[in-house]
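See below for the structure under consideration.
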Amino acid sequence: MGISDIMPAGWHGRARAGLLACTVALALPGLSLAQEQGQPDRPAWADNRWGEGDQLGAANHMTAERTRLAAELVTTGKVYSLGIVVGPDTPAFPPRSLALTVLQPGQTDNSGLGDNAFTYNDDIFMGWLGIGPQIDGLGHAGEDHVYYGGRHYHDFAPASGLTELGLDQLPGLVGRGVLLDMTRHFDTPMVEEGVAYTEDDIRAASEAQGVELREGDVVLFHSNWMELLDGQNADPERFGAAEPGLGVSGAEYLAGLGVMAVGADTWGMEVVPAETEGEAFRAHQILQAHHGIYILENMETRELAADGVNEFMFVLGQARLKGAVQMMINPIAIR
Amino acid sequence: MGISDIMPAGWHGRARAGLLACTVALALPGLSLAQEQGQPDRPAWADNRWGEGDQLGAANHMTAERTRLAAELVTTGKVYSLGIVVGPDTPAFPPRSLALTVLQPGQTDNSGLGDNAFTYNDDIFMGWLGIGPQIDGLGHAGEDHVYYGGRHYHDFAPASGLTELGLDQLPGLVGRGVLLDMTRHFDTPMVEEGVAYTEDDIRAASEAQGVELREGDVVLFHSNWMELLDGQNADPERFGAAEPGLGVSGAEYLAGLGVMAVGADTWGMEVVPAETEGEAFRAHQILQAHHGIYILENMETRELAADGVNEFMFVLGQARLKGAVQMMINPIAIR
Amino acid sequence: MGISDIMPAGWHGRARAGLLACTVALALPGLSLAQEQGQPDRPAWADNRWGEGDQLGAANHMTAERTRLAAELVTTGKVYSLGIVVGPDTPAFPPRSLALTVLQPGQTDNSGLGDNAFTYNDDIFMGWLGIGPQIDGLGHAGEDHVYYGGRHYHDFAPASGLTELGLDQLPGLVGRGVLLDMTRHFDTPMVEEGVAYTEDDIRAASEAQGVELREGDVVLFHSNWMELLDGQNADPERFGAAEPGLGVSGAEYLAGLGVMAVGADTWGMEVVPAETEGEAFRAHQILQAHHGIYILENMETRELAADGVNEFMFVLGQARLKGAVQMMINPIAIR
Amino acid sequence: MGISDIMPAGWHGRARAGLLACTVALALPGLSLAQEQGQPDRPAWADNRWGEGDQLGAANHMTAERTRLAAELVTTGKVYSLGIVVGPDTPAFPPRSLALTVLQPGQTDNSGLGDNAFTYNDDIFMGWLGIGPQIDGLGHAGEDHVYYGGRHYHDFAPASGLTELGLDQLPGLVGRGVLLDMTRHFDTPMVEEGVAYTEDDIRAASEAQGVELREGDVVLFHSNWMELLDGQNADPERFGAAEPGLGVSGAEYLAGLGVMAVGADTWGMEVVPAETEGEAFRAHQILQAHHGIYILENMETRELAADGVNEFMFVLGQARLKGAVQMMINPIAIR
């Protein structure tokens, strides 16, 4: 690890008169990070099927053939918008927050631009990208600072944006979507917090609901948790305090199947509190760091569940912001 | 127009000890906006086919039948990511800018959370949403402060976010995509700035390229303008100084056909400079304010054009940020 | 008014490879703002004692002699910090909000920079500058879009920052500070909302409290309003809903005296609701637009009042952010 | 170190209807940070003269007597504004950047608020606080994640803002200012980069310039480095690439004297490159972490030097933003 990991490439200042960017190399000869211990240990899981340097992980499962088959799932043409509306009031993992400001640049007290009086609204966003409906890129979840493909934090995650595994690398996710309705599996109006979806649960639910899980799938779990956000008995406190979700055996099972993404109608996709006391977000590590699988959170699955849809075409095109870790999204399901 | 248009609902402060939100009504009795002239004139174009209060405009064209037919356009399964990568260096309409910051909250000098050492990257975005690949929601372009459906600025566009026409209202856009390759039409490697696409151009191009334009379509124009951003003869100055694009007769023609959205591989979709000296962004007004048609900018159309694709399934799921005017996007084309 | 008022100088994008700033002139020939009516009327008050083009207003009263005399007011050496602590919970004029984020760039999982293990915290601010203790620069308050010196909004206030009257122009404010304790004047523990300080009140209070008001003074009013923020009977709702403060005759009187700045221990300095139904923030207009006088809000005056201090040395050095309208401040009083 | 260090107190979401803040405790029983090694070693320097828990460090030197004496230094009444103007073009330590946006909330196409047509400009700041003229609070510079008073990073520096050592704690800095003109000492128009100010240099300069350094002083060094920002031979690249400044023996000497703050007319106050190859910002550690001394950067010292001023009254009132590490400032010098 060299100094450039902590000290980005230069000083960014633009000269005043000429609007000329000047980037100044900071002169720090002979400098290295303190107490550098050489390469950190590379965990066994760092090697994966797509080889050294892979940026896409399970998105490599996207093939023309699978996309074609996904499109064949469209029978009625009904469209489902999976991204909930997100705003300053959306519960967010602390200390994440957001603010939006709308303005009309240059248009106060005039009729706008040109003889045709062109007026317009613009907007500014200030906040964290991991709020509301979101995709966790492969640079999000790691294990002791080691991420997908064995990348150590210092290899790719400077403050100026991810240099690898950023969501700019991902073209989108298109494939077969599968909904597992866990309220049916557990025979309850809403699955309760702390209920883990194990391998056995997933096997049983998919069998009972007549839907086979396959390599390349986008698997969504419906627990009806969104009722806590806006249902009759809304309880945002309870919504954010814990959640039902994927357990460790379930995560290993889905990873073994080679799914492309796993999503849920909860803020964190996996079960909280964890099955094992003292652990936190273990399924994130299994899916993301170990297997390069994308995670989708705060997905609106109620209408799919109400319609009894278990299989659909799934299309996600997240904004390709350079170096971004997470992104607010709105995946589209079509049956 | 009442005082509440300029003065949002209250003071937002949370009491320190109790984490209790307090919203305080500002006591301003008997106050109104200065020189209020009653309702501004409602232009004739304010009435449209979807009636008073409609929030969706041409997105009303989305039907299950059209979606089903769009899915039938998928033959090879090839996926095209239409959103270019966007970052601080992406040319943007002034004074728009953006910055991304990646951080690891709470994880400096420890191994993260829990016995499983959960570590993670997060990110913060500061900037304007109308940068790079973007959708203009129906609250973006107006005529003398009047917007789609005859809404005046003061009816829906406070600084705290659009109360109508926000992109949170739009579930997404799914339908038949059509690419018109204007380099073929004009027989040139790259269409030059100031070249307007007229009704005749569009009719001729669609006929020559064997693709009929229909109600509900998403029409994309390919000019090869992206070569100025990252091609061999990249010239970002030229990229942003002007552009080829939709002209006034072309806009009226597309509106008459009832298309759902119009996009292009340029920063502003329509021709700049305008056909008529003294006008600016007239096609924006025709499409958005008069007809409720969505606009897509900075679309990556090169691969579609290279593959000779003129018809495809189009899927856009923009993040549903409450009150947002524009949004960075990455629509997906599938053939 | 030319097009450049609505359309800043160019496109700001930096070429990717070369880190070279490119500013691209947008080619919009023959374009002007719609319905331009020539110069708006110049109100009579636009002419002032410091002449055309003056940027400083009442800060012109700062002279070496006055500063020297102010320093002579220091007798005990006691220092008063007049800026209250400001954070996300501070009541703010809607829709203003703020967020602060602390991070340790590049230092996760290492011991920092160099053999000496240099580690550091940094911070990011996202929000409005007009929150908590603040100075209103002369570009803040206007009358029908006309500001100090007769400048119309379109002359100096583009979205990219004020080109005139910005707080970068102001070197700071140093002079004689005067505290008028209005709780003593009205013989009440806390002056109530809606109580206006008239010329007569100010004359009476200054006489009773034995302090003469002079040209160049910084006049602060103490109402004990801060008790509503953090006192025993804290009531942030009431704090923000209204306030006691300067009335119209009081503002004219202080302007006639030629004071340099007027401050108070309330969020808006002047009386709310206004004395005349249908008016809002009239004293702001009189002081700022008509007379170039600075306004200081949310000042902590309790300790000065408790000590019976009516005269002191006042020193304000606000951050000189280019183009800023307002700034969070912490003026220092010394007696 | 408990889980609350990485996981702030709860979920912050406000219920939609009621504008009621809900803070939800995340239920993570039995969880602790991974590989927690108990208390890290407390370095010897962590103990200081002001005792356990002190928040102010050398600001404790501020006494009424010293302030009174500082005021006596005012003889001519001339005011010097020490903060340079800061904007997006100001060279900044990477990846720090800033953007300012001015807007007129609610005032587009109307004459503002009330019968008196109250209009106003507001502004939004997005960016890092450590840009341009700045104070480094005592939470800024540490040694292997240990900061002033032996506080470890995890004790006080969550992403939501410093819980100790924040600049909200500091009332301001008032005292005797001393300028050492190092161009005179080195007999050069501008001191060159890499030139360290040693104890001997400081002793010699203060003797030659007839100014004794005392406990509680604010010591400023003038190198004429600002000429590289805006002088005839401006060279922002050179400005930011390195700098002359305080060396290690100089820092120990000043700390031994018990000064309150050390500032300079350079971006980083201390010599870069460092005197010892492999070290970085050692003087920051000595002053801040070991001795609780404040650091002031990018100070405008040219006029003081031109006037031959070596002793003056120094007044700094930085905005007291809750939890802030650094702050843009404009200290005032008065002679």
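By written order: A, B, C and D. Residues from 1 in each chain.
The criterion applied here is as follows: a residue touches a chain if its C-beta (ideal position, glycine included) is under 8 Å from a C-beta of that chain, and two chains touch if they have at least 3 such contacts.
The structure presented is a predicted model; accordingly, all values stated were derived computationally and were not measured.
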For chain B and chain C, chains touching each: A, D
Identified repeat of the A-C interface (over half of residue pairs identical), from B-D, A-D or B-C: B-D
Interface with more contacting C-beta pairs, comparing B-D to C-D: C-D
Approximate Å spacing (C-alpha centroids) for the pair chain A, chain D: 37
Computed distance of Cα centres, chain D from chain C, in Å: 23
Distance between the centres, which are taken as Cα means, of chain D and chain B, whole angstrom: 42
Residues of chain D whose C-beta touches two or more other chains: 7, 10, 14, 23, 31-32, 34-35, 88, 95, 97, 101, 103-105, 107-109, 111-119, 124, 126-127, 144-145, 153, 157-160, 278-280
Chain D contact footprint on chain A (complex, rising order): 7-16, 22-32, 34-35, 88-95, 97, 101, 103-105, 107-109, 111, 119, 124, 126, 144, 158-160, 193, 230, 234, 236-242, 272-273, 277-280
Residues of chain B that touch chain A when the two form their complex: 62-69, 71-72, 74-79, 81-88, 95-96, 100-105, 107, 111-130, 133, 139-145, 147, 153, 157-162, 168, 171-172, 174, 274, 276, 278-282, 284-285, 313, 315-332, 334
Chain A partner contacts - residues on chain C that touch it in the complex: 1, 3, 5-7, 9-10, 14, 19-21, 23, 31-36, 95, 97, 99, 101, 103, 105-118, 126-127, 145, 152-154, 157-159
